[in-house]
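Each of the two complexes below includes subunit A, the first together with subunit B, the second together with subunit C.
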Partner chain A sequence: MQALFGQLLIGLINGSFYALLSLGLAVIFGLLRVINFAHGAQYMLGAFVAFLLLQYAGIGYWAALIVAPVIVGLLGAVIERTMLSRLYNLDPLYGLLFTFGLALTIEGTFRYLYGASGQPYAPPPLLSGGTNLGFMFLPNYRGWVVVVSLLACLGTWLLIEKTKLGSYLRAATENPVLVQAFGVNVPLLLTFTYALGAGLAAFAGVLAAPVYQVSPLMGTNLIIVVFAVVVVGGMGSIMGAILTGYMLGIAEGLTKVFYPEASNIVIFVIMAIVLLLRPAGLFGRDA
Partner chain B sequence: MKPLLQVKGLNSWYGESHVLHGVDMTVGEGEMITILGRNGVGKSTTLRTIVGILRERKGQILFDGRDMMGVPLHKTAHAGIGFVPEERGIFATLTVEENLMLPPVVARGGMSLDEIYELFPNLAERRTSPGTKLSGGEQQMLAMARILRTGVKMLLLDEPTEGLAPVIVQRIGEVLKKLKERGMTVLLVEQNFRFASKIADRFYLMDHGQMVADFPVAELPDQMPMLHKVLGV
Partner chain C sequence: MAELSEKMATNVQTERNASAVQIGLLVVAVGCLAAAPLFLYPIFLMKLLCFALFACAFNLLLGYTGLLSFGHATFFGGAAYFTAHAVKEWGVTPEIGILIGVAGASLLGLVVGFFAIRRQGIYFAMITLALGQMFYFFCLQAGFTHGEDGIQSVPRGHLFGVIDLNQPTNMYYFVLAVFLIGIAIIWRFINSPFGMILKSIRENEQRAISLGYSVRNYKLGAFVMSAALTGLAGGVKALVFQFATLTDVGWQMSGEVILMTLLGGIGTLIGPIVGAGLVVTLQNYLATSDFPVTIITGIVFMACVLLFRRGIVGEFYASKLGKKLGF
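This part shows the complex of A and B:
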């Protein structure tokens, strides 16, 4: 029983990261039609910026939770404006290749500077320790990760589904030329969207820093799974990406209890089945 | 009458294909103009080139005295030009009201939401439905209504009556008359000749990417033999 709840919690934690990351990927893909392979690198950058802020500027976790995503988001905006935006009129493959190259460059640079081994990042004192729930022991920080990532996902969903800015985003996803003819600065909207996606990835990275270690390769390991999540959820579906992230995290956790050998592949098995039965994904609209 | 839109020697291209071959036209403030012509002569392209959706263009477009050739697409509406595309462009992922509120207000003098709902009661009833759940006629009303909110001076309308039932076509005609009373300038592309003849002040006849004739509605009876020849109506 202990093991079941323990693995469920780990599944929920992993699911939180899957959800945050696949959400950003889905937002970017929906509007820019770019498969952002740099997403894992942006997640890693978030963790590293938090680590460097603490190391060199004495800026702690709470401030880093805001500052790191802003820095990575701005960096994303610069990349979109100066480089990525030049590729929109070409085959989508160019965007994919560009972001893939970008990811390799960023990760290679950090591996050169900091080595492949991870750096520890302590959870904030307020959230250290744990709580005994009776049926299981809950580390406080992990409980915080689950709650705050759920809030971030819901906040992003509300932004896109319920605000004026969100209506521009949804409309521009359907027909960017017409939205621009209505007087909306769509190129700026694209920049904002890429920055938002990169910022979300960095936010997940800061959250992950105390759970995993801060390492140049932390994104590489995660991003493949996250792509599987996006495929299962359905490309471009916001709520689909969030729900699928949590579902697959939990499915992975449960597999660790009942058949640990399969836990590394269960997500990909689910992906294969979904692709066979519903090629557009669980929440995707048929193209 | 003070000219609002002046187009001179306008050429445009879809990639390799040269569609407009020197279009000349003038639209006065408050005028309702209809462009007639057979399928594929460049009527829709004329509208899309004036709006700036088609960027491969040469020639002159003056709107309200301002040179529009270098103006980026997202600034065209702010200059005062509103566009309703042929396919209507209603967004499926937006509710009726979100569709209505989507185009930014560019100037004073547009209709308020209440006025719009008064003019189009169907839209008020369905304000929370997804935009594409509306009937074709309602979608056309919505496509026009959302531009009326923005306060643009001129409306470019691409085949508003296409595929709609006669009773809806009549309704669109009434709406256009109301707009005219409010001083809106309208440039209309229309295949429905009977419809156009009832509302337009003046006609341009288009053939092979050029304007080949231009006459006011009063001369329509005299022009009929020529129209029969060019349009095949």
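This part shows the complex of A and C:
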């Protein structure tokens, strides 16, 4: 029973990261028609910026939670402005290949500078320790991760579905030329969207730093799983991306309890089954 | 009128000259490959030939069908495992071992292709990547692959039970023969009616469907063909290096073959060979320094996409000199 709840919690935490990352991918893809392969690298960058801020500037977790996503978001904006924006008129595959190269460069650089092994990052004192819930022991920091990532997902959903800025974004997804004709600065909107997606990935990275170790390779394997999540959920809907992320995280946690050997591949198996039954994905609109 | 026919005659003449030049170049290239072991380290050359065949097989899919597979390491590394296992544990001759590798890779290609062709474009890329990662985890845990250790000290054996492949010269000419056969198959394939239909799918899938072609079957056929030839390269590689490890099935390997094809020229027959040559040489050169190859690889990737999407060979074909030579 203890093991079941423990694995469910881990599943929920993994699910939070899947949800945050696939959400960012869906937001970027919705407007830019680019699959951001560098998403995992940006997640890693978030964790590393938090780690370096603490190491060299003495800036702690709470400030890093804001500062790191802003830094990574700005970097994303620069990359979008100078390079990625040249690829919009081409086959979307070129965007994928470009961001793949970007991911390799970023990860290679960090691996060169900091080695492949992980660096520990302590959770903030306020959230250290744990709470006994009666049926299980809940480390406070993990509870915080679940709550705050849920809030971040809902916040992004509200931003896109309920605000004026979000309505511009959605309109530009449907018909960028028309929206530009109405006087909206669409190129700026594209830059903002990419920065938002990169920032979200970095935010997930800072959240992940105390749970996993900060290592240059932390994003790579994750992004491949997130791709599978995206294939299952379909990138048509923001809410779909969030729900699929949590569901698959929990499914992975449950597999760890009942059939641990398959826990690495269960998400890929689910992806294959979904492809057979509903090729467009659970929430997908495109055929 | 006379002027026109004269002009046409010169055109025909240029075309003849151009194809003579091309055949000449082909003969020179094969001659160079045959003489190369006199000047260069045979293992390096054999590695180059294996990766060149791998990249050409991959290009069959990306360049001629327009499908970007991000999981081709599955077929390359998978075949390497199958061949290594068959040769080492079952004691079969090298040619049978390679055929087993090819058969295994084709089967894997059939399964992966069956799932992947259900979606298009970037989804296709993501599905192949995910299934490739799944196969990686399978290889990590399966017994016959020996996990992290891989299959070590694979015997090269005697080709047809007669020719000793432990002789470096024999091995080199065997690899060269396999390479040339592979390229010939690819050349024949893309110039067949089947290959023409694949190109039409690449150019306009909807139109190919409306013309009555069962696009799905053609795509699957191309996928299996590409996987089989990739398996040929992978099986030979296992014999060249005498081991099969997890490196060959990882996503990095899938990325590498994309880079070779992109750098050389997507959709050209010799582009991937040039790309493979450059990437393998670069890796060889950097292997002695501690500077990570991934940084260079990543930068070359970005530069290719931003600056010369046609690749080196593609840009050459599009240049004045290339046009003059009739490419």
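As a working rule, the second predicted complex is superposed on the first by the 284 of 287 C-alpha atoms of A that agree within 3 Å, B and C clash if a C-alpha of one lies under 4 Å from a C-alpha of the other, contacts with A are read in each partner's own complex, and residues count from 1 in each chain.
To be clear about the criterion, a residue touches a chain if its C-beta (ideal position, glycine included) is under 8 Å from a C-beta of that chain, and two chains touch if they have at least 3 such contacts.
Every value quoted in this text rests on a predicted model; they were computed, and no experiment measured them.
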item	value
Fit or clash between subunit C and subunit B when superposed on subunit A	fit
Subunit B versus subunit C as contact partner of A:Val186, first or second or both or neither	first
Which of subunit B and subunit C A:Ser167 touches, first, second, both or neither	first
Superposition-derived comparison: subunit B or subunit C, residues of subunit A touched	C
First (subunit B), second (subunit C), both or neither touched by A:Leu104	second
Contacts of A:Val177 with subunit B and subunit C, given as first, second, both or neither	first
For subunit A as apex, the angle formed with subunit B and subunit C - C-alpha centres, to the nearest 10 degrees	90
Smallest separation in angstrom, by C-alpha atoms, between subunit B and subunit C in the superposition	18
Subunit B/subunit C common contact set on subunit A	none
Subunit B residues within the subunit A interface of the complex	51-53, 73-78, 83, 85, 89, 91-94, 98, 101-104, 106, 150
Interfacial residue positions of subunit A with respect to subunit B in the complex	164, 167-168, 170-171, 173-175, 177-187
Of subunit C, residues touching subunit A in the complex	68, 115, 118-119, 121-123, 125-127, 129-131, 133-134, 137-138, 140-141, 251, 255, 258, 262, 291-295, 297-302, 304-306, 309
Touch list for subunit A against partner subunit C, complex	35, 83, 86-87, 90-94, 96-98, 100-109, 111-112, 220-221, 224-225, 227-228, 230-231, 261, 264-265, 268-269, 271-272, 275-276, 279
